[in-house]
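You will see two complexes here that share chain A, one where it goes with chain B and one where it goes with chain C.
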Partner chain A sequence: MPNNLPEIIEQVKLSLGAFVPEISLSALFLLVITLDMVLNEKRVVIPMVSLVGFVITGFFTWQQLDMPNQEYFLRMHVVDPFAVFFKFLFLGAGALAVLITMDSEELGEKNVANIGEYYAVLIAMVLGMFLMASASDMLMMFLALELVSISSYILTGYLKHQIKSSEASLKYIIYGAVSSGLMVYGMSLIYGLTGQTNIYEIAKFISANEVDEVTLTLAALLVMGGFGYKIGAVPFHFWSPDVYEGAPTPVTAFLSVGSKAAGFAMLIRFFKVAIPAEPTGELAFDWVNFFALIALVSMLLGNFAAIWQSNVKRMLAYSSIAHAGYLLLGVLVADDLGTQAVMFYLAAYTVMTVGAFYVVILIANKIGSDDVNDYRGLGKRMPLTAAALTVFLVSLTGLPPTVGFIGKYMIFTALLGKGTVFLTLAIIGVLTSAVSLYYYFKIPLNMYLRESEDGAETPMESSAFANALAAFLMILTIGFGLFFTPLANFAKNSVIMLVMN
Partner chain B sequence: MHIELNHYLWLSAFMFTVGVIGVLVRRNAIVIFMCVELMLNAVNLSFVAFSHFLSDIQGQMMVFFVMTVAAAEAAVGLAIVISLFRNRQTVNIDEINLLKG
Partner chain C sequence: MTLTLITFLPLIAALITLLIPKEQKQTIRLVSLLAAVGQVILAVVIWQNYNPSLAGVDDVSKFQFVERAAWFSVELGGYTVSADYLMGIDGLSVTMVILTAIVALVGVGASWTIEKSVKSYFVLYNLMSMSMMGCFLALDFFLFYIFWEVTLIPMYFLIGIWGGKNREYAAIKFFIYTLVGSVLMLLAIIALYASVIDPETGRNTFSMVAMANQQNFISGSALAPSEGNLLRALAFFALFLAFVIKVPMVPFHTWLPDAHVEAPTPISVVLAGVLLKLGGYGLLRINFPIFPEVFQQFAWWIALFGVISIVYGAFCAIAQTDFKKMVAYSSVSHMGFVLLGIAAVNSLGMSGAMLQMFSHGLLSPMMFLLVGVIYERAHTREMDKFGGLAKHMPVYAGFIMLAFMGNLGMPALSGFVAEAFVFLGAFAVEQTRLLSVIGTLGILLSAAYLLRAYKAMFTGERKPNAAYEVEGHHGEEHAHFHDWKGKVDLDGREIALLAPLAAIVIIIGVYPAPVLDLIMPSLNRVAEILSAAANVAMK
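Our next item is the complex of A and B:
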């Protein structure tokens, strides 16, 4: 690291070129805040501006594809294909979140007087996710994680007059603050052991020197507390059912895809780079077995607890815990095939989960309820919406011909041929997927085979825009299930992570 | 007595544990936030101690950012408590139990 000021300034100037997408998001954030102050009619203009901003940021991110893999900003920030893949994912999730917010009655004019800040905070959250995916220093990891967390606390409690929303937000911030406290304590221990905060330097130090194994294990477990809370895996999952149920549904959708993906991006980078699975030295914090345990419990608890839920949002929360388990299976293989499968599955998960939540929003707009028992007879009353929901649930279960099937298939095949433990985990994964069939199909069962209590059969279709968006997501879910090669290749080319230089 | 690195680390671990226990047993949301602050300050202490004994500046840099984040978190946290109090007239988390299952 340079020591004199002119050299540092020179380095920062050089790094600015690698920071254009983030700068563009920051500018968009400021623009939205300003527009919120000057405009009178915000409900259409601000989402449109946000979408255009996301597209422009996407263009700058696309230009990063040809950039050399390198660290920038005094080794705080990395640009590599791995980060770029996740940036596209976050932009996609953010754009979908903006689109589904526009249609939500929950966040409509009746309930929320000022919506401008909502979009600004959403943009800040996307910015935080960008930084999470490319952080290469523990300082940057902590700050990026907190940027995402604090923004999501605000969004969760955005419905100020609803007790549920405030309560979810309070629970979220308490769990979040404790987990990030645990994480930063673990980071301080790692810093004490190695004297470094940069993850590449930590790896170098650990492989070259003898480090106290017990302390390193403890530190890694504490750091895992922070990551585990972000990805919503057992035993750090307690917040997620309550937050998913209480938060406005568009926010739930964005939390379940965006912050989970960001957590995985940071977790993969941290554990692959800083604490390699097979270090050259004597020492090995055996995180593979540890992750196997977390993944196993997440799959079991998530799928079995979901059976007893009657609130659809809550059920999807438990399903997202189970999905964190499946994704961890891909992480713990610790090779490129597994990482590639995780990236593909996260992209697939984004499409199908946002789709499912969007349909939940559309139904709640009409019947004012998220309870599965109120979904009776909807197959006749909202045919297109019900069909879309069924497709998303098929995909979440992991049945062909949907993208969820391909994702699960890739994860399970990555586990094959690696030993009995991995094979057992893959088998348990398949079996728990079969369990998930039971609770997912409760919804189509109610929609198609049961009559609503009052016998109402009047159709209540949503607007043309809503139908188009639901159909678009449905086509993506099936389309990527049939023609998955481009996405799979993109994931394959993006596993290249900057390793030690 | 000469004060060594270990003394700081034990104090920091003790403060951190007190903070964690406080979060688990206290029922007042405001007190819980205070306990979280205690946890973060324990972290700061261990960073500063390491930084001093390793003769390295990076640890102290972390402390500044941890303090800033703690302040931001407290601001948002108190805002959430206020919005909850307007709806429920309580900050006791045992009475805040609408969401469960």
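Our next item is the complex of A and C:
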């Protein structure tokens, strides 16, 4: 590492070329804040500007595909296909979040006077996720994670006059603060053990030197606290039902896909790079078995606890815990196939989860409730949206012909043939997904099998734009379920992660 | 193109239906009818052009009407996963395809009286019809699995929306039961893919045809046929569970009475006529040829559970007072013969099983149609709420008699041929001899519950608490059901639905050769595969 100032400045200058997407997002953030101050009519212009900004950032991100895999900014920041894949995912999720926010009455003029800041914070959150996917230094990891976390606290509590929203935000902050604290403590232990903060240097040190196993295990467990909180896996999941329920639904949707994906990006990079398998196949800290345990408990608890929920947002919160479990199954395989499966699954999960939350928003706009018992008779009253929601739920269950099925298929393909423990996990995985059918289908059950209490059958269709967006996501869900080759190949080409020799 | 067309005609009908305004109920019905008639015509074309001398099973060049197109090829980590759109027909599937087309058409006819949300109903009905047909035609396991799972979703809604009082429970029970079976199948499919190569291309394959040949397994792979490979047994049972839940085999049968009782008549027809056969077909096409030595090991147990299903199902049927429930349990009992026949591991027993599937696929739709007729008129299915119906509904009583006789194995009807073959096959083998003797008890018991039902409902005098009234002087009484406006006896539509089924039942009973000619070469091949594995096991 260079010590004199001119050299450092020189390095930073060189690195700027690799930072264009992030710079573009920062510029967008400033632009939105400025527009928020000068404009009177913001409800259309600012989202549109944000979308255009995302598209431009997408273009810059696309250009990064050709860049050499390298570390930048004094080894803080990595550009490699792995990071680029996730950046596209965050941009997609961010754009969808903007689109579904525009349609939400919860965040409409009646409830929220100033929406400009909302989009600014959302953009900041996307920026934080970009940094999470690229961070190669523990310090950077922590900063990026905090940027995402703090933005999400603000968004969760955005409905200031609603107690539930504020309560959710407060709970989120408390859990978040504790998790971050644990994580920083773990990182400091690792620094104490190895004298390094760069994950590549940590890996080098661990493989070259004898480190105290107990301390390393403790440190890794603590670090996992921070990651586990972001991905919403048991036992770091306690915040999610309350936050999912209390937060404005578009925010819930974005948290459940964006935050989770970012958490997985960082987790995969950290554990695969910093604690890689020795040539003998041994791990300095046995994170594979540790993840196996977390995945197992997440799948069981998430799916079984969801059975008793009647609030759709809470139900989806538990389902997201279960999905964190399925995703961890892909992570713990620790080979390229597993990583590819996780990446594909996250993309699939984004489409179907945002779709599901979007329909929940549309329904809440009309009936003002998130309770599944109030969904009665909606199949007749909102035929298209109800059908779309059913497709998303079928996909979340993992049934063909949907993208969720292909995602599960890939995860289980990665698991099989790797030994008895993995086979057992796969069997539990498929059986719990059969359990998940029970609660997911409570929603179609109410929409189609039951009549509304007052017998109302008047149609309540949403706007043409809303229908088009829901139909688009529904077509994506089925389309990628039958013709998934491009997405799978993109994921395949993106598993390449910068690895030190 | 024939197979693609026969599979996706209902899908086209479903898409067209989506475009028709929901008020035009008759147009919607006609579109579905047209598609179903189209399927039957195509089925006849297939039947006429089918060359029975080709066996199929484990040789793709001996399949007919084969259609093959690359579907997807995805790099997953180290290896490529590719699936084909591979469809084809051999002796195992040809009768099932014909049966599916017939039953689907009858089902459309039986759906004519559905008035609730006609548009959604026929969209779902056609989706289900498409996926059933696809299951019998797909030779690529991945494709098969998609069709297999897609049958569940429309079925859930068809039972759940148009069903009886307890429909929510029945629908989700059906869905979860069958899903538990099929998710395990998914794992078996993944493992099979990794273990089998296509001899033509030398790459891993989902082709069930390649899987049926033990030579195509990669030596040393997870499911390679080798001494004491526990994983093979596990995979066998994963598939087995999926199929026997569908059959259904006792003790996995409990979804069936609920689903049948709650389902509307046409859905019961399709459920009993075709969906149950998917289980038997899966065993014959997939489970046994792919894992012949595991099957050999457990053949006696499978026969045992077959016999338990026969006897237990029959006893349950005896205990019922609800007509439809009795018919549902008799389905459990009669599908037990399929298991017993297959487990005999000779071509006689297996041809009996196949015939039984075909025969039951005709008789059980008849029975459910007949139950539907009386339920529509009287709004009750309690058998002791009638009495003396034969006098007032002679045509109805005639069809009931025929269906009952067919079901209890009366000679000259299809049920007799099938069950006789099953018993002869099972008796010929030392290990299942005793079981086949016990199995004959099933026939005795079915005579008991069927004749008792007939006696209760049709003979004697009208019971005091009967669900119909009689007016008029002695000698020229008229029966009527209190709010039923239609004909008391069967009307034209009902006869048109029942008569063709009855005709086929009689024809096969008298002259089963056409069906046997179709199925025997393929069944002989399956029997060869199975007994070859037995010989290896013996050594």
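In the analysis below, the second predicted complex is superposed on the first by the 493 of 501 C-alpha atoms of A that agree within 3 Å, B and C clash if a C-alpha of one lies under 4 Å from a C-alpha of the other, contacts with A are read in each partner's own complex, and residues count from 1 in each chain.
Heads up, the rule we're going with is that a residue touches a chain if its C-beta (ideal position, glycine included) is under 8 Å from a C-beta of that chain, and two chains touch if they have at least 3 such contacts.
This is a predicted model, so every value here is computed, not measured.
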Contacts of A:489 with chain B and chain C, given as first, second, both or neither: second
Which of chain B and chain C A:139 touches, first, second, both or neither: first
Partner chain(s) touched by A:338 [first = chain B, second = chain C, both, neither]: second
First (chain B), second (chain C), both or neither touched by A:161: first
Touched partner set for A:401, first chain B, second chain C, both or neither: second
First (chain B), second (chain C), both or neither touched by A:358: neither
Overlap of chain C and chain B interfaces on chain A (superposed complexes): none
Partner chain C, residues of chain A touching it in the complex: 335-338, 340-341, 380, 394, 399-401, 405, 408-410, 412-414, 416-417, 423, 426-427, 430-431, 433-434, 437-438, 441, 444-445, 448-450, 483-485, 488-489, 492, 495
Footprint of chain A on chain B - complex, ascending: 9, 16, 19-20, 23, 29, 32-33, 36, 39-40, 42-43, 46-47, 50, 54, 56, 58-59, 61-62, 65-66, 69, 72-73, 76-77, 80-81, 83-84, 86-88, 93, 96, 98-101
Footprint of chain B on chain A - complex, ascending: 138-139, 142-143, 146, 150, 153-154, 157, 160-164, 166-171, 173-174, 177-178, 180-181, 184-185, 187-189, 191-192, 195-197, 241-242, 245-246, 308-309, 311, 314
Partner chain A, residues of chain C touching it in the complex: 72-78, 81, 117, 145-146, 149-150, 152-153, 156-157, 160-161, 167-168, 171-172, 175-176, 179-180, 183-184, 186-187, 190-191, 194, 222
